[in-house]
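Below are two complexes that have chain A in common, paired first with chain B and then with chain C.
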Partner chain A sequence: MQLITTMLLDGLSYASYLFIVSVGLTIIFGVMKILNVAHGAFYAWGAYAAAYAIGLAADNDWPDWSGFVLIFVAAILVGIVLGTIIERLILRKMYHEEEVLIVLATFGIFLILEDVILLVFGVNPYFAYQPMALLGSVKMGGIIRDVYSLTLFGLAILVAFGCWYGLNRTKWGKLLSVVIFDREISLAMGINVQMVYLVTFILGATLGALGGAYIAPTISVAPGFGIDVIVLSFAVVVIGGMGSIPGALIGSLMVGILRAIAVHKFPEFELFVVFGVMAAVLMIRPEGLFAPEKARRI
Partner chain B sequence: MSSNLFKLVGRTVLAGGALAAMVATGPAIAKDTINVGIASFLTGPAAGPFGVPGRNGAELVIDAINAGTLPAPYAKAGFAGAKMNPIFVDESGGNAKQVGEYRNLVEKRGVDAVLGYISSGTCMAITPVAEELKKLTVLSVCGTPRVFEESNRTYVFRTQAHAVGDSIAAARYVLDKFKDQKGYTGINQNYAWGQDSYKFFDITMKKLAADTKASDNPQFPKIFAGQYGTEISTLSLDPAKLVHTSFWGGDIEAFVLQALVRGFFKDKQVISSVGGSAVDSLGKKFPDGVVMGTRGEYGLLVRNKDEPLNKWFVNEYKKRYNAYPLGPSYQYASSVLAYKIAMDAAAEKAGGFPTQDQTMAALKGLSWQSFGGKVSLSLADGHQAVHPVGYGITKWDKDKKEPSVSDVKFYAPGCIYAPAGQKSADWLAAGMPGAKC
Partner chain C sequence: MVSMAWNDKTIRWAIIGFALLAAAGWLLPTWILNNVMFGLARGLAVLGLLVLWRTGLVSFGHALYFGLGAYAVALLEKYGGVTDVFLKFGAAIIVAGVFGFLLGFVLRNYRAIFFAMLSLAFSMVLYGVLVKMEVLGSTDGFSVTQNTILGWKPDGKYPLFCFIVLTCVIALSAVQLYLKSALGHLTTAIRDNELRVEYLGYSVARAIHVKYLASACLAGAAGGAMAMALGQVDPDSMVNWTVSGELVFITIMSGAGSVVAPFIGAIVFEFIRTYAFELAPQAWQLIVGGTLLAIIFFLPGGIWSLLEKPWAKGEADNG
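Let's turn to the complex of A and B:
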């Protein structure tokens, strides 16, 4: 029982992490049909911005709880600044191009942003452990767990609920649904599709940055750590279905829990589980588990 | 007429032959400057803990040698009198890129030698190319024993001992210090370095303490995974108290941060073979009581060693880079120093500027007092270095407000490396016969 509880908590914790880092990717693909490789750079920039701000706050004796505020401020700032610059200056000029060219463009953006990180922050690691240290630990299932990682569940639920509410209960959500369904008809109906794209891209960038910013207190924020996140996020999004938020949620849960079982019982299969699940899903449902229905064009 | 022509041709051939013989055995044409390629990680996750400290260590010592300001007995300026012009290249980007960079250094830029390299993967990729291009190459950091145990090398040397000694010394240290611990496990990165480090630690423990139980569930997460919550849970549930890790850079830092808040270090005795950079980067956040190694007489373990060369290195490094030198700083500095000693010795013997062959002959089997301690190229027919490897226990020094280590113990090369001519894995499997501890 102790082992099952531990595996479940570990799995849910990892699934929450996966969902937070991958939901921005799936939103951008769902609306804009862009496989955004620069997502890993948003994650890295979010982490660096949060770590830098939290370090600055600690140096200036700000209260420890201010770290939580700074995480969200850093993520929003990174999302707005990078999202606006990239969408307005690069992507907007490429929407008429083939999808593969846009993927290559986002890959180029990713590489540039990674190098800019080196220029701005250097090669030494940044730490922002204060929020994690503040929340301390709790004994659950016979072992000690850090409370900060448990708050990932709450953040994942909040993000999932926010996305559901935003898409299904707001005017913006309805506009998004229309644009997702048919861009041309949306334009003909007078919807400002360019603005919808800009807001969507900023939202996706902010969620990517939030993933990095929230993870920053638990890691060493160092150059190059945005690369793995792209691979993991793609795996989760492909399992759930490109562009599907419920799909990202289910994909994260599947990978998180199966990975936890593997680490505890068959550690040599840890990596295999993530991509094994992806391959199995693609064999049965090539479009992913919850891929949105596509309109049949005549 | 024809007789004179024959005489002329004969004399020309004889003179040419004599000149060729002189060139082959005598000194080379003297140079004011030598160009040397120096490879280390300048970007990516390994730049902060390894690449940049390594580059800095090389740069500091090259400048001192060029200026003739290195302490005795190395105060003579230059490399056989020539100044070194280092060409720093980035080791990031994978083996194919590194082979291309290496060929570029040798074939297009015409360097006199190549030094450096951190990753075992890069060393394995570069070594055959160095042999093919016949270019003197001195490896500085990489640990895999395969570089010299799989084949004899002519042009490649390594001034750092291979990684098997790190694992053997780790096992010997914990058995010396923590005799009552019954059981061990590990968390190591899932690639050659991590797998080999744990494998050799595991074999040594089985040979030296057969009653100590090995865990059925050692962990091998992906390199740069960053998230170790599940692995920490698994290790926490494991009854084994000793936890071996060869994590480095961001991975050891993330692991420490995540494990610390869960009280992991109060319950487990962690042995880290190469986590020295994290002790400095995390400062007082790094837990006390961790068994820490630095792969030799380097970094944290010798920071306060009272020897002139070490004191010079630590003080000058700190003055120039505002940080203490880490293990890679020492390792790169040691490679540069070995190259200088070999060039100076070869020049003296040849009576002029040495050729590459003369420098290699001087380098072969060289023993020298390096910045942290003595190093000897005594394995692989004089191409592979050995030196003592030590461990200590981390402790935050409240007075100095900096990390320190206590209970430092070094193990002599004869105790932790297979004798010349034997493969490490075979020697370990046979129970380390002839080990002199």
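Let's turn to the complex of A and C:
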């Protein structure tokens, strides 16, 4: 019983984390049809920026709770700065190219950003444990859990609700749906598609950075840790259906819980499970389990 | 067959060029020899990707076959005690070929981003297995140190270099002849209009399966050659998705204009990486990534498009 609770909690917190990272990826894909490899770099930048800011705050004797504010500030800053630079300078010139070529360009961007991190933050790992230490731990069903990773659920639910509300209940969300449905017609109708793309990309980048920033207090932020995240979030997005927000939710729950079971029961299969499911979904339902309906063009 | 090969202008020049390269290898300092050797080995895999790319398919998972080839070599040496270069190399191709043949049944039905993603998933499955299995070397991998050629144990890497050069020439000629055959001419046709090819009475799925198998064997050969040249296999430098990304990168950098291009591109890549690493150990990825973006923006035809113009105009029908 205890094992099941542990697996469930582990799985859920891992799923929440995966969801926050992958929802940005899926939004960018859904609107812009770009499979963004650089997403892993946004994640890493978010983590570095947050860890750096929290460390700085601790050195200057800011109260510990300021860390929570800094996490969000760091993520938004990273999203706006990197998102704007990349969309404006590189991607905007590539929308007419083949999908695969754009993927490769984002791979190039990823490589560049990975090294810029090293140049800016150095090679030594960063620790930003203050927010986690502040919340302490709690006993649940006989298991001690740190409260911080429980707040991850809350954040994931908040992000999910925010995305749903933003897409379905705001004017901006309607604009987005129109652009997804037909880019050319929306252009003809006077929608500023370039602006929609830019904002979408910034939003996606911010979410990627937020995933990294929020996870930063629980790990040591060291070079190269964005690499694994990319393929994991690819798996999540592919399983759920590329471009679908509920899909990203289901995908991350599946991956999170399967991985938790594997880690506790069959540690050899930790990665195998994730990518095995990804391959299986692609073979059975290539569009993913929750792919949005596609309009057929005539 | 041989005269047919010799009559082909590209193959003739390639044979002459590679023969000169093999001869020059005798004089080259070790570090250059190593770089050229790594480049040639990787070039084999890029040649495989070129075959797919001409059909409009890009695989983000060819590290699967690269890794299978490399691990076939390493495991055969570790557990089978086999040191012969020909045997190990053959095993690399066969293992990759068998997997390529089987997975080909699935992958031949996929196109564009789905093809890329499914290839990626398969390659990451292998990565996941290798990283977690102690028997298969886990994250450390194995070393491959014993290379003998028909019982003879050479010192230095020059004989292995010649072996790899020879392999490259054979592979390149075979691919060139294939692309000139009826089945090979379907390559571009499928990219342009699949439906029409079907109407002409050809099976697109089967044509793609053949290409996929060929590219898998080439990537396996590349992995095998790389394992022997490098003397070491491990999951992160042989099977992880970044390896697949690198291979696709070199394909774009080389250009699809000729079967020689992959080797030129791969050697150039090897030198860019070495120099970038020398100049700025902490920023070599930055240089490599910058090169990639520069190629995509300013040289969409790849390096080959630079060589093509002053050279043979008459071969434009290959592209």
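The working rule: the second predicted complex is superposed on the first by the 298 of 298 C-alpha atoms of A that agree within 3 Å, B and C clash if a C-alpha of one lies under 4 Å from a C-alpha of the other, contacts with A are read in each partner's own complex, and residues count from 1 in each chain.
Basically, a residue touches a chain if its C-beta (ideal position, glycine included) is under 8 Å from a C-beta of that chain, and two chains touch if they have at least 3 such contacts.
Bear in mind that the values here come from a model prediction, so they are computed numbers and not experimental data.
Colleague: Mind checking chain B and chain C on superposed chain A, clash or fit?
Modeller: When both complexes are placed onto chain A, chain B and chain C end up clashing with one another.
Colleague: With the two structures laid over each other on chain A, which partner does A:V73 touch: chain B (first), chain C (second), both, or neither?
Modeller: Neither partner.
Colleague: Quick check for you: in the superposed arrangement, does A:L118 touch first (chain B), second (chain C), both or neither?
Modeller: In the superposed model, A:L118 contacts both chain B and chain C.
Colleague: First (chain B), second (chain C), both or neither: which does A:L167 touch?
Modeller: It touches nothing on chain B or chain C.
Colleague: When the two structures are overlaid on chain A, which partner does A:T6 contact: first (chain B), second (chain C), both, or neither?
Modeller: After superposing on A, A:T6 lies in contact with chain B but is clear of chain C.
Colleague: Quick one: classify A:P267 as touching chain B (first), chain C (second), both or neither.
Modeller: both
Colleague: Where does A:L289 make contact in the superposed view: on chain B (first), on chain C (second), on both, or on neither?
Modeller: The answer is neither, since A:L289 touches no partner chain.
Colleague: Going by the contact rule set out at the top, does A:F107 touch chain B (first), chain C (second), both, or neither?
Modeller: second
Colleague: A:A58 in the overlay: touching chain B, chain C, both, or neither? Say first, second, both or neither.
Modeller: A:A58 contacts neither chain B nor chain C.
Colleague: Identify the residues of chain A that lie in both the chain B contact region and the chain C contact region.
Modeller: The overlap between the chain B and chain C interfaces on chain A comprises residues 115, 118, 123, 227, 267-268, 270-271.
Colleague: Considering the complex alone, what residue numbers of chain A touch chain C?
Modeller: My answer: residues 35, 37, 90, 93-94, 99-101, 103-105, 107-112, 114-116, 118-119, 123, 227, 230-231, 234-235, 238, 242, 267-276, 278-279, 282-283, 286.
Colleague: Tell me, which parts of chain B touch chain A in their complex?
Modeller: On the chain B side, the touching residues are 42-45, 47-49, 51-52, 190, 217-222, 224-227, 229-231, 233-234, 236-237, 249-251, 253-254, 257-258, 261-264, 281-282, 285.
Colleague: For chain A, which residues count as touching chain B in their complex?
Modeller: Going through chain A, the ones touching chain B are 2-3, 6, 9-11, 13-14, 17, 115, 118, 123-125, 127, 129, 132-133, 136-137, 142-146, 148-149, 215, 217-220, 222-225, 227-228, 259-260, 263-264, 267-268, 270-271.
Colleague: Which bits of chain C are touching chain A when the two form their complex?
Modeller: Of all residues in chain C, those touching chain A are 58, 60, 106, 110, 112-114, 116-118, 120-122, 124-125, 127-129, 131-133, 240-242, 245, 248-249, 252, 282-286, 288-290, 292-293, 296-297.
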